[in-house]
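Below, chain A partners chain B and then partners chain C, in two separate complexes.
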Partner chain A sequence: MLQAPGGAVGSSTRMRCMYMFNRQGVCLHYHVWLRPVSVLSRQEDQKLMFGLLFSLKLFTAKMDPVGGSKGQLGAAQLQGQGCSFHSFQTNTYKLSFMETPTGLKIVLVTDSKMSDLREALKYIYSNIYVEYVVKNPLYTPDTPFKCELFNQNLDNYVKTLS
Partner chain B sequence: MASIYNLFVINKSGGLIFYKDYGSTGRLDTNDSLRLASLWHSMHAISIQLSPTPGCTGMEVLEADTFDLHCFQSLTGTKLFVASEPGAPGITALLKTIYELYADYVLKNPFYEVEMPIRCELFEYNLLQAIRREKYSVGGR
Partner chain C sequence: MAREVAESCIDSINLELVHTYATRLHPTKPELAARRIEAIGFQVGLQLAERYTKERPRFGDHLEAIKFICKDFWAEVFKKQIDNLKTNHRGVFVLQDNRFRWLTRFSLDAPTSGNGTSSSEANQANSARASQAAGQYLYFPCGLIRGALTNFGVPCAVSAEVSALPACSFIVRIKG
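Moving on to the complex of A and B:
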């Protein structure tokens, strides 16, 4: 998906890509703004991303230094249970993560100096995803989607982020 | 005063060579710390593959709900990581200090075999001193 014409300048150059996964790990939506490097094929990349999120959640749930007893590493957990994480940073990018109670995972990859995106992710979920995808009568829940209005509104919104 | 919860040192193949708990509740047993260390090693490698732009060297900071994890990777592939209270300042500098201590008290120890677990009293002692000097609180152990 290409950037909207004229949208190349401004803060949207800080965005890299976005993934949305359902609770089974199916990638519902993948959006690229800028991605010069991808080592793997698109499908492999999405699988690896979901795997990383899954392992990171198990890791933080076990590592949790204040939560008391946590069971074994890798023990099954209910949605929203256990210590989760909201972002990690490397020298080249920052990944922000949100999970809804239904198990929908939204991942936003940006440049490494991006500020806290927790509110932005909530906004994307409730004001863009729910409004333009979930409320679309032709959309079958929990399936991959292609939605023009969603893309437009997402593009417009991420331009306001810094 | 910000708290430090624990410190891990892993060698270049992902094996845990040093683990110290500084007062987290529900402490990790030996097996769990070994597993977590190698899990971190692999996730660190995966994060490089997922980078959208070239030149990525892996995760540096992980922000979880109840702790922050800062990771420092040396040029030889040894990784040090510390879990601290969310938002604790100066952990990156602390990790550099710990790396210096590792170089001084572990690597310069003639009886130490590289990549093997660290059993070194002076290292542990100086580590605690350094953490206290940087004004981080540690549990009563």
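Moving on to the complex of A and C:
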């Protein structure tokens, strides 16, 4: 788990933190840029986040006024199919979420003035995660990771987000 | 950013090849795994050499064959040329690639937060371990070079070493 080097990240970035969970709820990666206040311990925080995502997905599927799917518990869906929430916003932060067909969940917590981050999440998955983690010869799938190249590229990419 | 399926496939096959031979089939005999992987590369090199020199006349001498490997052969297989070629004119050639395609994604876990003085030592230890682990992924390209040169009529032995990821060098020793 990476401790945020507060001075290294410029003040222009509006990212707070990022979580990546696999299908079983194991937190594969937790990346933090700016998080001054943290009430819970790391494990509880991650469990809470995973539980929240699970419940929200189920809730949005059940409340869907047009779709007919019953929202199978835990099954991953292709992009565009089914009904899944993609972000929520409060007065202090915005949380964006994406689930890949393989069941990988990516959560990005940013400043509330950030624009829509769906494209950014797709980019992070396909060009940073797949390139530098999945294709890393030293990585065993479904385990928590903290690859150098992944961290560097992620930091470089988020600096370009507005 | 679109990528061809074949490119991703070859990256994945290479990873899995090394992983299977080194950890599943011959976990106690790394030299045997190395020789097996190199033999596979040898066969592939033989056949690729046939394919890429269909139109060309025979090579005049060893140096021309090696230059072909550095330029056209490497460009066909890895989409770039060898960056540096050195020789001692006594049958030993060193081919250096400063950004070898199969090593660009190699990365170790980032070190957990340490103070400034210990991080540079940790970095050195990290890069030493990375170089060791990366050596396994170079057996196949060694076989590739050896197979191609053998088919051109240049008997040789090829070994590889990693100095700093993702740069690596291949040492070709001509026999006879």
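Assume the second predicted complex is superposed on the first by the 135 of 162 C-alpha atoms of A that agree within 3 Å, B and C clash if a C-alpha of one lies under 4 Å from a C-alpha of the other, contacts with A are read in each partner's own complex, and residues count from 1 in each chain.
Just so it is clear, contacts are C-beta pairs under 8 Å (C-beta built on N, C-alpha and C of every residue); 3 or more make two chains touch, one makes a residue touch a chain.
This one's a predicted model, so the numbers in the text were calculated from it and none came from an experiment.
After superposition on chain A, the partners chain B and chain C are seen to fit next to each other with no clash. After superposition on the shared chain, chain A has more residues touched by B, the comparison being chain B against chain C. Applying the stated contact rule after C-alpha superposition, one finds that A:Gln46 touches neither chain B nor chain C. In the superposition on chain A, A:Asn22 makes contact with neither chain B nor chain C.
Annotation: apex chain A, arms to chain B and chain C, angle 160° (C-alpha centres, rounded to a multiple of 10). Of the two partner chains placed by the overlay, neither chain B nor chain C lies in contact with A:Thr100. For the overlaid pair of complexes, the smallest distance between C-alpha atoms of chain B and those of chain C rounds to 21 Å.
No residue of chain A lies at the contact with chain B in one complex and also at the contact with chain C in the other.
Chain A makes touch with chain B in their complex at residues 16-17, 34-40, 45, 48-49, 51-52, 55-56, 58-60, 62-70, 73, 83-93, 95, 109. Contacts from chain C toward chain A in the complex involve residues 1, 8, 11-12, 15, 18-19, 105-110, 112-113, 133, 137. Taken in their complex, chain B has these residues touching chain A: 5-6, 24-26, 28, 32, 35-36, 39-40, 42-43, 46-67, 69, 83.
On the side of chain A, the complex with chain C involves touching residues 1-3, 126-127, 131-132, 135-138, 145-151.
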